[in-house]
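Each of the two complexes below includes chain A, the first together with chain B, the second together with chain C.
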Partner chain A sequence: MRPEIKEYNYDWLMGRALRTAANLPRGTKKEIGHTYQYIPYFKDIVKSLVDLGDPGFQTLDMLATYYENILSAREKGKKLCATTFCNSPVILYAMDIVPVTLEMLTTIGSLVWKRGMFDYMDFCVETGMPETSCSSQRGAQGALLSGLCEKIDFAICDTPGVCDTNANAFAFLTEYLNIPFFQLNYPSSIGDRRSQKYHVDDYKGMIAFAEAQSGNRLDYDRLAEVLAEVDKQDALIADLEDMLMLKPTPINPIYNMMLYGGRFCFSGHPQYTKLLESMVTSAKEKAITGVSGLKNGKENLRIYMSYIDHYTADLNFFHYLEERGIASVGCILSKNFRDNSPYADALAGSLYGIDTTSPDAMLDSLAQMNARLPMVRSIRGPYDKKGMWLEESLTFAKMYQADCVIYNGTPGCRNTWGMLKPYARDIEKHGYPCHIMNDDAFDDRVESWEATRERLDEFFNIRGLL
Partner chain B sequence: MDIFYDAATKIKCKSIEDWQATGKPIVGYTCSYTPAEIFHCVDILPVRLKGIETEGMEIGDTYYGPFICSFPKCLLQLAGKEKFKFLDGAIITPGCDGMRRLDECWRKAGDDYKGIVPDFFYYFDVPHKSEGHGLAWYIEELRILIKKIEAQFNVTVTDEKLSESIKAYNKGRRMLKEIETLRYKEDVVVSGAEIFAATVAGTVMQRDDYNKALAQWLDELKNRATSLSAGKKRLMVIGSISDEIELFQMLEDTNDAIVVGENLCFGIRYEGNEIEEDGNPVEAIARHYLQSSVCPRMYGKYKERFALLKQKLDAARVDGVMMQNIRFCDLHGAENSLFERDLEAIGMPCLKVEREYGPMIDVGRMKLRINAFLERLDAGAKKKMAS
Partner chain C sequence: MSFVAGCDVGSLTSKAVIMKNKKIIGSIIIKSKPRPKDSADAVMEAALAEAGISGGDIAYCIGTGYGRDRIDFVDEVVSEISCHGKGARWLLPTAQTVIDIGGQDCKTMKIDTDGNVSRFMTNDKCASGTGRFLEVMANVLGVSMEELGKLSKQSRSPVTLASTCTVWAQADVIKFINSGVPIEDIGAGINTAMAARVAILVNAVKPEGDIFMTGGVAKNVGVVATLEKLIGKRIKKARKADPQIAGAIGAALLSMERINGHGLRN
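Up next is the complex of A and B:
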């Protein structure tokens, strides 16, 4: 790692950058304009969020707070738990533990820095992680391994049985740093009696581990409060999903990222509720007048991203969608699979509900919710089986009136790349043009953004979509 | 030994041909977490699928994406080329993400290449936890698998039959263990390639025939006197899946090294533990297969695996460890790095290489790395003697 990188505590660096950005909307127009001059590589992302008005301000504040929580945990006597985006932070908030979600940190770094997370990804490889492993963990993992972050107390991941490279990253990180580690493990099926029971049994083991590591007993009254907040959030998400189905949709593509980013950071936390309320209010105004959420007000195409979005420097991907007038009706990350969602009937049998009437009911709700988080629900089993990836992709493409389906991921995603070609062929068989993006969502060195953009244009042109 | 080499280096070996002539079924499986005893006890030949004899990758590459380990791709290629036509069934296990997707890729390839998917094509869901509810899940999976086999092949699996099969497999395990101890001696009379071939053969041959051949070979080995290890570096091979006898031959053909141990899922790895012969046989099988914790797919058990490896290294008096991982095998790639860190720290030289599985396409590069490693071991030995 270059010596100058080691000069800065990574968490502090990101935390300060985000807080400064979050304070920006309070400035005068002149002050804001002046500030943009000093952040040439970060300007477009800040500007995009500031231009969104209140939902954008809330997002910046939320991200800054997320980092501040990490930076202040030690002095507040709280424990830091390294975890993954598809493990809900709800239980951690209920137990007063601060989550450090590796993929969120990698995403933030990728968006904010011109050089992205390259230096940290490479450092991670220097310590022994294969370069073929997933970049979404490798970035933040490299920063942690280099000792430039707040010390992690323990780690919980929930990807064994779902994503080898993710689970392996946690196994390596915790062994390398000698940190206690717990893995939630998922069977290849969902919705049946056996797998539902397995989810709960495993989840109980995780709570026991978190209690032992944090020294905090799970307070069920507090858990009920947090779950009530999740319930509120899920209702707001359902509202947003309803509006995403409108044609044109009043939902700007970046709203999807705000929706799932907030959920990964602050599910069950009032700050996320505030963001969702603001997003719903803003989107409703447009919905009433039938205006598209895209800045130019014209929706030329609707895409369903069947895996993840693209996150390299400065929101390039989202700007591209705006330029071309493309509405995104979401991705695997933005769907929560709650039983009150607008697609609940179409995917009956593999959703979750929230019941706070007893401790057991709450644990069951939490375990089943966790089992429906991105990847955990959809790619745990053969893609063409009930409740799995193909079924949900086709359901969403149909219900949200997508014109095509696009896959984007990372080369490290062994699981999806193992089935992607037959999956794409099946999607096409059902009448949806399907494009496989060959880039790395977090690393422009794999394929430059310019090349990615060219390939997207080529796809849209050749298939007569744009 | 010829019978072992035949079984280890051919897809359709004599042992399979002989079995096929009887008209009895053959079921292939892809992972060491599949208990062969369940098939053996009802006169089905369990055959662990090997990736050897692959001569191209056009089918493997058509269905799998580019970022996938070449071993499952080879299996798919062979299936597409009808090399596994002799199978009446196949069991796919989520050993790793690449291997689990053989389920879809093979089935979907079957839409284009008619007749390549066996009638009995089964996804066997092995958990990543070996205790409590993980073990309970696996036991239930075994019981479901048994029912499916009974229905498909019109057979009945009883506890008695299963116990007999456990005994038959344990007999072979005990002999392999005895052979393994021959490698612990100062003068080793058996090459690594021979032992690996004999072990791989055990995953293909009918168990009773295998036990007989193994007993004969063991007698022969006991009478061997010529040391193959004198003046040579004693190596251990660990890491990603490999059924390649050539890999061992390449190491030993340097005439400067002998392989005295391996920690590979095709090798003598489970053999330290026999299956309990008393009590409920399904539960005994489950404990054996799930709790040996030898594969990095069982996350969070690195320390146990390191202790096991260290014990084997000490017993075989190993001078150096060759740790290989097939490209895109992140599980072994990462674990090899941890092993390297911890073994080098206690003075055990390690060679970490990333490679492709297949017809030894990396052979030139590998030889270069191996020779450099042997030179390092030489230099180390000289330094030790001087001090």
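Up next is the complex of A and C:
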């Protein structure tokens, strides 16, 4: 790692950059102009969000608050828990624990930092993590391992079997930092009574661990409040999903990222509710007039990203979609699999509901919700098993009228690479052109954005989609 | 005192050194031929000619490099890591950490006061971070290896290149050229990608003391300067001889130890 990077506390650096960006909408034109001069590499991202109006402002504010919570945790006597986007932060908020979601932090760093998270990723490799480990953790993990972040108290992950690369990253992190670690496990099926019971029992073990590590007992009244907030958020997400099905959709592609980013950071937190309300209001205005959410107002193509989006510096992927008039109808990260979602009937048996009538009902709701987080729900079993990745992808492609299906991940996504070719073949068999992106969603050095873009263009041209 | 020799048959270049009294009296670098045996014969013949002696005058010769097992005339073969450690310490007596970037691999090592290797790391899987990477890129850019090294200084905005795959990086470079990106920015991107790969290995051995670089890439000023920035430490330059022949020097020094009765092989 370059010596100058070691001079700065990473969390503080990110927190201040994001708070300054979040304050910009309240600034004068002159103030905004001056600030842009000082953030030449972050400017385009900020502008992209500011151009979205209130939802963009809310997003910046939410991200800044997320970092401020991390930075102020120690002062407020709260514990910091490293966790993954596959694990809902709801239980942590209910227990007054501050979540540090590695993948979110890597994504934010990729957007803010001039060279993406390269330096931190490389530091992680220097400490012994393999270069082919998941880059979504490796960025934030490198910052944590280098001692440039707030001290983590313990870690919880829920990806063994689902994504062993992810689980191993947490095993490495906790061993290196010498902190306690809990892993939730998942059976290879979903929706049956046996697996439902397994989830609840395992989840109770996790709560006992979090109680022991944080010194906080789970307050069920507080949990009911948080779950009520989640319920409200899920209803707003269902509204957005409804509008995503419209053709043209009034949902801008970047809304998907805001939707799932917010959920991973602040599920059950009122700030996320505010963001969703703002997104719904903004999208509804466009839906009423039948205008596309794309900035040029014209939708030429609809894609379903069957895994994750692309996040390297400057939000290149989202700008590309705008340029080409491509609407994205979401990805594995943006679907919450709630029983009130517009696709509830099509995926019956593999969704969850929220019941706050008793402590047991709440724990059951939480465990089932957690079992439907990204990857955990969709790729826990064989790709073509009922309710798993293939069925889910085809359901979404059909319901949202996607013209094609695109896979994007990282070289570390061995959980999907192992089954990707037959998966893509099956998607094609069902009439959807399928493109496999060979890049790294968080690291331009695996395949430059220029090459990624060209390959996307080639796919769209050759398959007659654009 | 007898003459000793070291012959380093690498994937890109072959090097031979002849020494007497720990002084180089002949050294040659040639481009490797398809067969390692032919490379070894040719480079040793040239080195002997330069030293003005014949093969029969050589008391002991050690072979090293990827083609070392195919050299007929050597008395013994020794790994490149051991030879580069020895050679580096001779070239820079204060060296404690050595970076060797060869044609097809990259190694970082820590050495003791006798030049013996105490710890080492090698690149794990591909051509990125090796001399071949730079050679391929220089060819695509249409510049010499030396010119490629100098491009970094002229660049204002280095491009980001795919650095985990040489073939993809090559495709990137072609794309950048076709897009009209200034050659110095592409060259700087190449040197940066290379240095970033090597920096990981350097930091992984936890460098101490004076750092010295061997191998042909040590002559690429762009890579060296970027690497210095990335690891935050100066890399000392070789003054006594070309750093590219460090492996052959090490092999010759080990030959001398053998005839003096030190470190005889089992």
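Observations
The rule is short, and it goes like this: the second predicted complex is superposed on the first by the 464 of 466 C-alpha atoms of A that agree within 3 Å, B and C clash if a C-alpha of one lies under 4 Å from a C-alpha of the other, contacts with A are read in each partner's own complex, and residues count from 1 in each chain.
Everything below uses one rule, namely that a residue touches a chain if its C-beta (ideal position, glycine included) is under 8 Å from a C-beta of that chain, and two chains touch if they have at least 3 such contacts.
Treat the numbers as computed from the prediction; the structure is a model and nothing was measured.
Using the contact criterion defined above for the overlaid structures, shared-chain residue A:Glu454 touches chain C, although it does not reach chain B.
Look at A:Asp339: by the touch rule set out above, it reaches neither chain B nor chain C.
In the superposed model, A:Asn185 lies in contact with chain B only, and not with chain C. When the two complexes are overlaid, the chain among chain B and chain C that reaches more residues of chain A is B. Using the contact criterion defined above for the overlaid structures, shared-chain residue A:Gly205 touches chain B, although it does not reach chain C.
In the superposed pair of complexes, A:Phe118 makes contact with chain C only, with no contact to chain B. Once the two complexes are overlaid on the shared chain, A:Met419 sits against chain B while remaining clear of chain C. Of the two partner chains, neither chain B nor chain C is touched by A:Asp242. Across the superposed pair, chain B and chain C both touch chain A at residues 128, 411.
For chain A in complex with chain C, the residues that touch the partner chain are 1-4, 115, 118, 122-123, 125-126, 128, 131, 411, 444-448, 450-451, 454. Residue ranges on chain C touching chain A, taken from their complex, read 124, 159-165, 168, 171-172, 175-176, 179, 193, 196, 199-200, 203-204, 229-230, 232. Interface residues of chain B facing chain A in the complex, by the touch rule stated above, are 62-68, 72, 94, 96-98, 100-101, 103-105, 108, 123, 125, 127-129, 132-134, 137, 140, 296-297, 299-300, 302-303, 325, 327-331, 333-338, 340-341, 354. Across the complex, chain B is touched by residues 127-130, 132-133, 160-161, 163-165, 167-172, 174-176, 181-183, 185, 187-189, 194, 197-198, 201-202, 205, 381-384, 411-423, 425 of chain A.
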